[in-house]
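First the structure, in the form of structure tokens, and then the observations on it.
So that you can tell them apart, the chains are marked A, B, C and D in the order they are listed, and the count of residues begins at 1 in each.
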Amino acid sequence: MATDSYARLLIRCADQPGIVAAVTTFLFQHGANITELDQHSTDPSGGLFFMRLEFQTPKLDLSRQALEQAFAEAAGRRYNMDWHISYAADRPRMAVLVSAHDHAALELLWRWQRGELLVDIPCVISNHDKLRGAVEQFGIPFHHVPQDTAGQREQAEARMLELLGGNAEFLVLARYMRILGPAFVARYPNRIINIHHSFLPAFVGADPYRQAYERGVKIIGATAHYVTADLDQGPIISQDTAHVSHSDEIDDLRRLGRDLERQVLARAVRWHVEDRIIVDGNKTIVFD
Amino acid sequence: MATDSYARLLIRCADQPGIVAAVTTFLFQHGANITELDQHSTDPSGGLFFMRLEFQTPKLDLSRQALEQAFAEAAGRRYNMDWHISYAADRPRMAVLVSAHDHAALELLWRWQRGELLVDIPCVISNHDKLRGAVEQFGIPFHHVPQDTAGQREQAEARMLELLGGNAEFLVLARYMRILGPAFVARYPNRIINIHHSFLPAFVGADPYRQAYERGVKIIGATAHYVTADLDQGPIISQDTAHVSHSDEIDDLRRLGRDLERQVLARAVRWHVEDRIIVDGNKTIVFD
Amino acid sequence: MATDSYARLLIRCADQPGIVAAVTTFLFQHGANITELDQHSTDPSGGLFFMRLEFQTPKLDLSRQALEQAFAEAAGRRYNMDWHISYAADRPRMAVLVSAHDHAALELLWRWQRGELLVDIPCVISNHDKLRGAVEQFGIPFHHVPQDTAGQREQAEARMLELLGGNAEFLVLARYMRILGPAFVARYPNRIINIHHSFLPAFVGADPYRQAYERGVKIIGATAHYVTADLDQGPIISQDTAHVSHSDEIDDLRRLGRDLERQVLARAVRWHVEDRIIVDGNKTIVFD
Amino acid sequence: MATDSYARLLIRCADQPGIVAAVTTFLFQHGANITELDQHSTDPSGGLFFMRLEFQTPKLDLSRQALEQAFAEAAGRRYNMDWHISYAADRPRMAVLVSAHDHAALELLWRWQRGELLVDIPCVISNHDKLRGAVEQFGIPFHHVPQDTAGQREQAEARMLELLGGNAEFLVLARYMRILGPAFVARYPNRIINIHHSFLPAFVGADPYRQAYERGVKIIGATAHYVTADLDQGPIISQDTAHVSHSDEIDDLRRLGRDLERQVLARAVRWHVEDRIIVDGNKTIVFD
């Protein structure tokens, strides 16, 4: 059976008895075979309830549209759910924003090229022209949108929105070293993933490896998170750390950190693409 | 709400559509509020299906016995399930077997004493008398059952069975350095947990730290597994590793390894006590 | 050869050519066989130089006192070194301060009891009386020095200094939840080790597991550091982290964190006892 | 100061007092400033002694050739040393052998391209033609040397030796799935690095991810080692592991394992290039 014959249903609602039974009974009655089911409740009495189901679609007795309408009637409205269904056959379109450091962006392009990252990539946008060659080698359009001063931000972001058009469902900031304005961020709520090169909340802001070096930490880290209007404060998706010692200079931290950033970002993007993440306020539920 | 107001239902059966719906609907109809639900299918078409549910019991509309009878009728027989329900209020009784190394056994007693490991401990049995004082300090009976030659095994195991009586639901071999005979093992199917001081399947048998040292590995490990009649071949529950270097002598490996063994064994025992493990042939499903 | 036949020489001075040759030639000429040699330079041109040597003492041709005098003449003064020699046969005396959480303190006592931590422990001091029984079981004196209000600090610290007398070379704060005053700290410069239950510099101050939970991090950590007058800002000795998920409640973070704290603190104390740590401003050099 | 102004001296000899003093005094007297010094002794009494020094060369008072001759006279012969000096300015030439899986080879080429791996790469050789395009994109010659049956090995290896000529100082098997014959291996003693996709010594031979899946392990691993005539038995350089669960299918193990293989191989190659590895029988000393 092809990978494309799967769909995923994500649900969020107030916790109350009977939700799992209602949802699974509905899917069963319409010919969906559930292959994964994860749930989380913040508190069985009065908390929020989150659920992710993965199910096979070949024997569904309804079209996509009819299924969604039936689900809204059978469960969605009754439990006042926030829900959506995505289909593995529909590849999400992911645009990449990058500055001068290539490792995080290339890690994504490389995984995409070898069929490991199931997205379409409409374009890569950079405030430098430096990575044009490296990106175009993958057959992906590269756009240079300069932004050398804070005053240019408004214009640059307008140009980026124009280039992105309706062509990107989510964005990845793969070491994009410009701060996005709140209006831009509001266009992609919980749909911009950033890789920050520290274990947040430590070392927010600029040059975290230098901050880490100067504090004398014995571990460095990387954090993938959704971007909100508050710099480096958005919901954390994935984090990892590596041990360092007194003999590691700042450049060693950067070198070791690059490997962490590549791993952590690639993992977060895969989870996002597979609809494994639900944002709950300033936290994430990750059904991995 | 008290921790004791929970129960867990573990299920194994042939995979087929409708199981989740049937089980969750049943629990819903009888007043159980599901707080955790994990499932695993080896193959949606013709594979095995495993499920663990944790649910609150205060609003159940049936007694334990009536609930189990009703479940058998509503779902158990229909899907030809292998299932059981355990109640958090019923602390399982865990006996510990140990030889001369104290770290793994003391780690368990220490966690038990501070209320972290929710079991009763009827006794500790050892083929040495060395740890009597350390064990009795915890107020736990200690039995010395010598077994200096292979010829004494039959007699020693008979004595241990006598001491254990019906008083232990599962056993932990916390660095017990005698091989248990097949008849003894058969009395506790998937209910004897051993800690082996290597990352299995590497370094089975005696003195794995020496084997590791002589092979020149750069990692050492520990493995918790259920005991079967085949030495060090039983279903693996949990494993972990630590980095070592050329400057680590055998005694350093042993020292570092002790910390691994304590962590890995404590985790495996907790999972067993919380009914998070299902054995599937020579593998384990761990719903952690 | 007994473990006690070793000594360690720690050196700090301005980096300049010839130091290693001078030191190793000196030791060679006096019959010391070097078994470990570690060095670190912050910058070969104009930086600081740090060195740790471990050497066998049985064939030394000088008494301790004469050796130190000869070293001062041959190398110490010439290179304007800050240096000292310690002998493995001299067990340092370590006092433990603890509040109500027992895990970190008991980990140290347990390692001490089984001969893994080569110190003498003159006493354990606590602002609670709760752990008296657990400590006295090890045959170690326990002193209760209450400190319920900030106003009692001066008096409590005076009492602690009295109890410690000249009997402790270094202190370990094994989850001691009172802030030590600058005058007290100044009595033990770089000789008070604290375990903080987060990956510093994140989550300084009170209840870091709650802070971590509320921020929604995907890792938790523990940090062992020397205490300075600035809370949680002293030189970091050792850090480690563990992965957590959305399903971990605060109490799960605390439970997982306890294991981290025990490991990280035990490692830092071992390094301190083996004279493996040199403090350089707000950083540590760890020759592990 | 440029990175190229460094040299490294590696030494192996019988342990005896005075070696460190003799070597460091020699370098000091000839104007070399030592920036790193690592040593290891298998046993201070009658064991083997290993040392690695990194030193700055700009103020050397002798040419390379004269320095080496002087060292031989001053220390090498006296202590019967096996030693050599390498210069950071001399980039070693590294040939890559690969089969159909591209990830390990591309990781190396990618690090080489961005200036992180300081080697020259004369060519990539493969028993498939599949990766020609990917390799040639980096401007590196690609040679297809088919070897479809065991009977073709002799001829294929002869062809490879012809292609390698004197142009490669060491080889990397980046998932090269053919077994090299003993005569070929003997041409590159301790100069062929292989990445094996398991934590050796577990799962030697073919398809280790399948073996791991079937054994039901909870960790997978990768091992970089030098190739000897015995398959998967050579001295281990670096190893790492990652946690897996019952829900990971073989393809998940392969996907997670690729990331491990890339990291472990890249680290081992960097250590080799920086002359940080000394082989001691079937073990390695790694001065990282």
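The rule we apply is simple: a residue touches a chain if its C-beta (ideal position, glycine included) is under 8 Å from a C-beta of that chain, and two chains touch if they have at least 3 such contacts.
All values reported here derive from a predicted model rather than from experimental measurement.
> Between B-C and C-D, name the chain pair that shares the greater number of C-beta pairs in contact.
C-D is joined by more C-beta pairs in contact.
> Of all the other chains, whose mean CA position lies farthest from subunit D?
Here the answer is chain B, farthest from subunit D.
> On a C-alpha centroid basis, what's the spacing between subunit C and subunit D, in Å?
Computed from C-alpha means, the inter-chain centre distance equals 37 Å.
> With centres defined as the mean C-alpha position, give me the subunit A-subunit C separation in Å.
From the centre of subunit A to the centre of subunit C is 42 Å.
> Listing for subunit C: what residues touch at least two other chains?
none
> So in the complex, which bits of subunit C are touching subunit D?
It is residues 1, 17-18, 20-21, 24-25, 27-28, 31, 33-39, 41, 44-45, 56 of subunit C that touch subunit D.
> Touching subunit C in the complex: which residues of subunit B?
Spelled out, the residues of subunit B in touch with subunit C are 102-103, 106, 110, 114, 116, 137, 255, 259, 263, 266.
> Where on subunit A does subunit C make contact in their complex?
Listed in rising order, the residues are 40, 199-203, 215-219, 221, 235-241, 245-247, 280, 282-286.
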